[in-house]
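Order of writing sets the labels: A, B and C. Residues in every chain begin at 1.
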Amino acid sequence: MPFDLAFAWSILPDLLRGAIVTAEATFGGMALAMLGGLLLALGRRIGPPPVAGFVRGYISLVRNTPLLVQLYFIFYVLPLAGLSFNALGTGIVTLGLHYSAFLAEVYRAGIDAVPHGQWEAAQALSLSRRDTWRDIILPQAIRPMVPVFGNFLIGMFKDTPLLATITIPEMFGAAEQIAGDTYRYNEPYTLVGLIFLLISYPAALGVRGLERRFGVH
Amino acid sequence: MTASVVDLLPNLLRGATVTVEVTVAAGALALALSLPVALARMSPAWPLRVIGTTYVEVLRGTSALVQLFYLFFILPLLGIRLDPLPTAIAGLGLNFSAYASEIVRGAIAGIDRGQWEAAHALHLSRAATLARIVLPQAVAVMLPSFASLMIQLLKSTALVSLITLSDLTFSGQALITTTGRPFAVWGLVLVIYYVLSLPLAWASNRLEARATAYRARPAGAI
Amino acid sequence: MSTEPLIRFRGLRKAFGANVVLEDFNMDIADGERIALIGPSGSGKTTVLRLLMGLDTFDGGEIEVGGVPLSRPSEQAKLARRQIGMVFQHFNLFPHMTVMANVTEAPRRVLGLSNAEAQARATGLLRMVGLEAKLNALPRQLSGGQQQRVAIARALAMRPRIMLFDEVTSALDPELVGEVLRVVRQLARESGMTMLIVTHEMSFARDVSDRVVFMERGRVAEQGPPDMIFRNPSNERTRAFLQAILER
């Protein structure tokens, strides 16, 4: 199986252009997921029973069904509801919604891990519920979550190739395009795999460093 | 509307059987590989450790879809021709074996060092200690994580539709083109995946509860 | 007693990183002798037992059992070590096995006893430690004192010539200490085994041992018959240590 270095070199710029889209999707999706996850966690924890029940069902459904199908669902169904984003917007929304269900659980665990005495101390100081959440509970809850967020960020990064299926020109889509045009598979897919490894492995080492620093596990 | 949803079902359920097949076969492959890979990573011999670690980090560090495409398009260039079904099973099985081996490794590492030492003080061999003392305890810890991993695997099987295997997702796509009703089709597909995941989620919860009870500290120990 | 010591530590050295835990540690133990090893926390008592048992490797010096050096792994060394049994501070019973299975596992796997032989042996030992009614219990269903007695029976089932006890009562609630000490006392009186006992229970050390060895900073600081060490220690550090213990 020949690996043509010159060809590989010539397609690298296209792949790196795709990598920028990959980065946009990853960070956009993560920002949305962190916000959505927090809202879901709070909705479940302090929302009225119907809201909490709905959130529970939503989380369970989203966690236990494939991202790819969710992507198709949103891509094909949102326009029917008169909501249309461009493809990248749809991709980011889907990644955000999917991962928010996972991050909701992370927030929940983090919030539960704050000692009960903190609530009592805040109450003894007559802090309002809102101030207690914002100044006392969440800051403590979020610290140990940081490495977990890091892990989910890496996971989301590795899920971005799915976006190629709805015509988003991220890195894997770029490789597919090249492969389709030239009928040469080895170079584009090998390079994409290598780029993924070169980014996600150091990132995983970084997360392990964070885990040590933030003293979890 | 109701009539047509019923019309959709047989096609989707045929696809769902492929999804279940791939999940079971790839899951079995992943579990079979997980113990040797974990033992290699924990081996006192450094070449084995390097091989095991490289295996795990490469499979975890590159995307599952990239790996599937790699097998699908590049194995034939090496003269290895596999049908989409074995390609899918091999691709997902290998990918998930990396995660499964980390579960095994974590569970083994989580067994109290005192268990190894007690076995050593009784002059049991390392192999006997692993087989009789450590693994039976580690399995109780692994099982709930394995069940959640199988849910992840079930969801990941949707990727095989992209290498032309007619699983549940592929059947959904085919129906879109023939019926032009994305909401009904994709809604139904999501529901079927969800229903398929329920037994695994139930198993995961049950096993977790059992493992927690099992881990409860013995009375009298401080 | 033969003149040749059964166990001999010579110039033993062990360090964890920069922390030198044993330095030129020397001790001879005769066949059948019962030694109480005492000393302040961190003085290296547990380390001595662990090195003898082979749970850690040492950095210098030698340990001999029956004249066989243990520093290099060999078939002989393995057989020599097989004469040693150990009881741990935290029992370390196998939680997934019944009491009976805990006691029969090693005799079956290592000594090749049949199931029936191993069970007969286990039943006798469990009766001796007062647990014949608990054969089918799981460790977590037992009190700490009961668990430790099972651990003693488990070690004895290998018919060791040498028994090591590392603070076998210090993880127990106070009311459970007596039942375990009784078993060890009985063994010391009746078994004729060579015993090396690390303990912080001074009255126990005194009446269970032939010789008390006081360790400090990885060396033997003073040793002698129990009466001498406890009544009239010559070493100032021993005196201070005993004083501190008695004042607790």
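Heads up, the rule we're going with is that a residue touches a chain if its C-beta (ideal position, glycine included) is under 8 Å from a C-beta of that chain, and two chains touch if they have at least 3 such contacts.
This one's a predicted model, so the numbers in the text were calculated from it and none came from an experiment.
Undergrad: Based on which chains are in contact, what kind of graph results: line, ring, star, complete or other?
TA: Drawn as a graph, the chains make an open path, so a line.
Undergrad: From the Cα centroids, identify the chain that ends up most central relative to all protein Cα atoms.
TA: B
Undergrad: Please indicate which chain is farthest from subunit C, where distance is taken between mean Cα coordinates of the chains.
TA: Looking at centroid distances, A is the chain farthest away.
Undergrad: Could you tell me the distance, in whole angstrom, between the mean C-alpha positions of subunit B and subunit C?
TA: Roughly 45 Å, centre to centre.
Undergrad: Roughly how far is subunit A from subunit C, going centre to centre by Cα mean, in whole Å?
TA: It comes to 55 Å between the two C-alpha centres.
Undergrad: With chain centres defined as C-alpha means, what is the inter-centre distance between subunit A and subunit B in Å?
TA: Measuring from centre to centre gives 21 Å for this pair.
Undergrad: Would you tell me which residues of subunit A are touching subunit B in their complex?
TA: Going by the criterion above, the answer is residues 1, 60-61, 64-70, 72-73, 76-77, 80, 158-162, 165, 172, 176, 179, 185-186, 189-190, 192-194, 196-197, 200-201, 204.
Undergrad: For subunit C, which residues count as touching subunit B in their complex?
TA: Of all residues in subunit C, those touching subunit B are 53-55, 81-82, 84-86, 88, 90-96, 105-106, 109-110, 139-147, 151, 154-155, 158, 171-173, 176.
Undergrad: Quick one: in the complex, what on subunit B touches subunit C?
TA: 112, 114-115, 117-118, 120-125, 128, 132-133, 136-137, 140, 214, 216-222
Undergrad: Help me check something: in the complex, which residues belonging to subunit B touch subunit A?
TA: Subunit B reaches subunit A through residues 57-58, 60-67, 69-70, 73-74, 77-78, 151, 155-159, 161-162, 169, 172-173, 176, 182-183, 186-187, 189-190, 193-194, 197-198, 201.
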